[in-house]
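Note that subunit A is present in both complexes that follow, paired respectively with subunit B and with subunit C.
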Partner chain A sequence: MTVQTINRAGTLLLVVFTLTAPWVLPLFVDSFWVDIYSEILIWSLLAASVNLLFGYVGLLSFGQALYFGMGMYGVAIGIAKLGFGFWGGFGFGVVLATAMAAVAGVLAVRLTWHYFAIITVVFSLIFYFLALSWKPLTGGDDGLPFGMPPLISIGDFELTLTDPDVQYFFIVLMVGACYALMGRIISSPLGRAFVTVRENDLRASLIGLNVYMIRLSAFIVSGFIAGVAGALFALFGRYASANFMFYHVSGEAVVWAIIGGVGTLFGPIVGTSLLIVLREELSHVWAHYPILVGIVVILTVIFAPKGIGGIWTSLVHRFAGANAGKGGDQ
Partner chain B sequence: MKKDKASNKTLQTAGRTRRSFLQTALAGGAVATTAYLGLTRDLFAKEGGPIVIGHHCELTGGFSSWGYWHDKCAKKAVEVINEGGGIAGRKVELATEDTESNPATGARKLRALIQRRKASFVVGSVHSGIMLASIPVATELKTPYFSAGEATEATGSKGTRYSFRTGTDTYALAAAGAPWAYENLGKNWTMIFPDYAWGHSHHQEHRKIIEQMGGKVNDPIAVPLGTKDLVPYLAKIPEETEVLFSVFFGALSVAFYTQSKSMKLDEKMKMYSVSGTIEAIDPRAIDGAAEGVFFLENFPRPLEYKDDEYHRKFVEMMEIDPVHAKEEGSSRVMAKSHAWQSWENFFALKQAIEKSGWNTDKDTPMVIEALEGLEMENSLAHPQGSKLLRAEDHSGMIDCYISQVVDSKFEMKKHIPRADMMAMLPPRYDFTKQPL
Partner chain C sequence: MTVPLLEIDDVTKQFGGLRAVDNTNFTLETGKLHAIIGPNGAGKTTLFNLITGTLPTTSGRIRFLGDDITDEPVHKISQRGLARTLQIKSVFGGLTVRENLWIAARSRYGVFAPFMSWRRCRKSNERADAVCEELGLMPHADQLAANLSYGDVALLEIGLALATQPKLLLLDEPICGMGPAETEKTVAKIQDLSKRIDIVIIEHDIEVVFNIADEITVMANGGVLAKGTPDEIANDPDVRTAYLGDDDDA
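Up next is the complex of A and B:
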């Protein structure tokens, strides 16, 4: 069995599980976990946006919550204040987040390492405080709830996210599309350019790559991904809040990405799943559960710096290598 | 011999196959039964069993000094209800989830309360952002949700048939206290508050009433979030101000009282505020900084101003002293003007459930109808006093109290009966018209 076959089987398993979760999960656990899995999928996109920048381009952003929040507010303002309807609101959220990433990226990607991390936090804080104080538009610290408009409405036929199955599969569809897009980008020449810049930006520029534009492209794509996550989360919660723009949310996404394994496509899903399941199981029995989560993070960083994705990769390689060895003997 | 062995082997193989088949069939049956039970659990499990009531509470985070009391009230209320035979003869099971004082966590925990822990009703958060994030979720999951915070939207523009509040919001607080403060403290007002929703909402509601009564309201002073030094903002207060209305929370509230005292503002103007700014704070602990300040309270801090057997029993059950509301054996001061809701809401639910004949979740619309216009009598169930849960806007109509801090103790200056407040508080929304 080759590495590729094992990875394909793993991906297929994940896809089958995701597509059947609304029926399979309630057989073993409470149906509440279907909602938690929806949440995991959404948050994994935010972690994936961190992963795209950090894992593939080498830029550690602590400001992804800004684009997540923009996606949320775009949806909430679009639906509650501008009467855009479902698709208009969703599109407005994603466009707003992407445009914000383009504007912030023009300045931010001129910097690297801690300077880059600091400027992303600063952007995030500016808009966090702006959202808190602009009450007529954002609802201030109270946030902005909204009623759910129909997804499709033709005569008497109506599809809406208030139907749990419709909501779940809408989230799966959008998240799946984002992962497909990321997969496509990573395997494209642009993705290779990302990795080249990550490995050595000086050499990349010497071979003719426009490092600035490559970083900016990655920044905008990651803002788009975070924006889709924010827009989905607003639709999931029927609510937008400045709290989601705070850098604490960005920090969580960084932790999920690191635990899952940066530089791997599905690492963020694994990291997000692990930590959200831990949180769900621990938080209602012990209020100070973040201490345990912190211990898990410290242990992972020390003993598995490439995260769970790294462990998976080395296991798969070992297994495939062992199989290849057996095949050779025969 | 060989043949025997072969036939034995065949038998063994056949036996294993039969066993495997039986095991598979049994396992399949078990899975199918589990699935069937999972699917039908919601329909039958609650009938006759305990009634699960959720408590959506700030056990940790910025509101935990209040949350402690909400939690204590909820636990004691359920204890008392169960000792008295439960609700309609059924035991009450309390399911508490910590919102971590965070709207994102709060919305998630509300789903956990309703979907995972099967709460049929939820006594909700005192944090405005959390309760506003929760109302759409509770409405969608068709579960009555009692807010305890002050954002007027919860029983206003963002309210629904499923959202209730037995306490006061910024609209009610202005209606209850502003007329008295205008008549007795002064007609030229300046309002200072942190630059976020709670402060702005108080400003808007108070401004309407003061201007309606003929008073003057100067430009508001909105203090940016994260400010530690309030002196530059206090220096902006116009000289002609007669009443300084402030709305701060927690540490910033203490900073406000301390810094305004050091600038001797209290000697130039009357200081007026709402109970939320001094909740869980002992005036003795801030070296007289709150001395002379007037507060609008929902529940007088000292027992003597509502001295009846119910209030006495409530104080005893909360294990607080009857003057400063300080907990025995700790330095905690009860957040009394808000936490009573997490006691009384359980009894309001008991009354409505028993009145409506609720049996399972499909009967919840009947409980909502019973809650709309529910009259609650002054009793141990309602130690804050008699009240009405107004049908149209699902808002509590309650007595309020104007108190002043004198010698670090709350001294009541005026008891405002609910009728006076209601005269200034016409319903702005009618949720009874929404379908159930």
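Up next is the complex of A and C:
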């Protein structure tokens, strides 16, 4: 068995599980876990947007919640205030988030490391307070609820997200499309350029790569992904709220990405799943469970800096190596 | 009269109170292997940094093949065909040798192609493999650059420069820190390359410099002390006192 076969089998398993979850999950656990799984998929996109920046380009953003929030408010304002339909609202949210990322990115990617981290937090805080105080538009503290317009409406035939199966598969489709897009970009010349900039930005510019534009494009794609996550979460919860723009949401996404494994495509799903399941299981039993999360993060950073994704990769390589390694020159 | 390869025109670089490069003037012609020598702190590496755009100049103009490139962004200067290796070896450690060379080759065709597969870029693949072959790095092609021996990292760094198809190659102490066998291999490679690419080399190993260079520029205290053929430099009284010392062993 080669590394590729094992990884393909793993991906296939994830896809099959995801596609059958609405029927399989209720066989074993309470059916609300289907909703939790939808939520995990959505949040994993936010972690993936952190991962794309940190894992591939080497920029640690603590402000991804801003683009998530823009996606949310875009949908809610589009539908509740501007009278957009379902797709109009969804598109508005994603475009708003991407545009925000383009504007913030032009300034932010001039910086690296802690300066970059700080400026991303500052941007997200500015808009968090703006969203809190601009009550007529955003609903302030109360958030902005909206009624769900139909997804498709042809004559009598109508699909809306109020049908749980429609909602679940809509989320799966959108999340799947985002991972496909990221997978595509990562294996393109641009994706190679991302990694090159992460490895050595001076050398990258010396071989003629425009490091600034490469970082900016990663930042915009990452804002787009976070925006799709926010738009989906708004549709999932039927409202938008400034709470999801606060920097602790950004911080959680960083934790999910790091525990899942930065620099791997599916690491963020694993990290997000683990920590959300942990939260669901532990938060009613023990109010201080975040301490445990903190310990897990510290242990991960010290002993498995590439996270669960990294452990998986080395296990797979060892397993594949044990099978195929005869006559190897190791 | 052909266009000069590189013109350094009254270039100055000031770091606070220190003039690392002080009103320096010289012109290099194509078709020669140039060497820049000089004691530590003479401003050689700073001059390379100014030429490649990694440091802004304080004043003066730099022209490459007739075009003013003073203070252009680093990547644009590279795109003009000016490649460089660094004194402290600098490659992409987390990528394999082949991936290192691939991205350098691909830089000539543009990387803003988010929807094509990088493994299918035929020209860049071929270019990367050709450079890998030429430098004898094929046995290590799939190794991470971080795991290479010091000599191979130095070769790979030259390979990165070559993969960008440069017109001029600036080498900053390419054999510094190498053992005798690696030195010999690298020097032979540099001589070989100089037949088709213009090279400017900064080097402390005087024996090597006098062996391979067609023209030597001696720098001291941020300025040019002398410029000429190895013979002229060896017999220049100023150079002998300032740099080579007074003994006759050289």
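Structural remarks
One rule holds for everything that comes next: the second predicted complex is superposed on the first by the 325 of 330 C-alpha atoms of A that agree within 3 Å, B and C clash if a C-alpha of one lies under 4 Å from a C-alpha of the other, contacts with A are read in each partner's own complex, and residues count from 1 in each chain.
We adopt the following convention: a contact is a pair of C-beta atoms (placed from the backbone, for glycine too) under 8 Å apart; a residue touches a chain by one contact, two chains touch by 3 or more.
Source: prediction; values computed, not measured.
When the two complexes are overlaid on their common chain A, residue A:Asn243 makes contact with subunit B while staying clear of subunit C.
Contact with neither subunit B nor subunit C is seen for A:Val15 once the two complexes are overlaid on the shared chain. Of the two partner chains, subunit B is the only one touched by A:Asp142; subunit C is not.
Of the two partner chains placed by superposition, A:Ala180 touches none, neither subunit B nor subunit C.
Contacts of A:His288 after superposition: subunit B is touched, whereas subunit C is not reached. In the superposed model, A:Pro26 lies in contact with subunit B only, and not with subunit C. Once chain A of one complex is fitted onto chain A of the other, the partner contacts of A:Asp35 are limited to subunit B, with no touch recorded for subunit C. In the superposed model, A:Leu190 makes contact with subunit C only, not with subunit B.
On subunit B, the positions that touch subunit A within their shared complex are 31, 34-35, 38-39, 59-60, 97-98, 102-104, 107-109, 111-112, 115-116, 128-129, 132-133, 135-137, 140, 151, 153, 158, 195-198, 200, 222, 224-226.
In the complex of the two chains, the subunit A residues touching subunit B come out as 26-27, 30-32, 35, 39, 129, 132-133, 135, 139-143, 145-148, 162, 237-239, 241, 243-244, 249, 280, 283-284, 287-288.
By the touch criterion stated above, subunit C contacts subunit A in their complex at residues 52, 54, 73-75, 78-79, 83-84, 86, 90-95, 99, 102-104, 106-119, 121, 124, 160-161, 163-164. Residues 184-185, 187-193, 195-196, 198-200, 202-211, 213-214, 217, 221 of subunit A are the ones that touch subunit C when the two sit in their complex.
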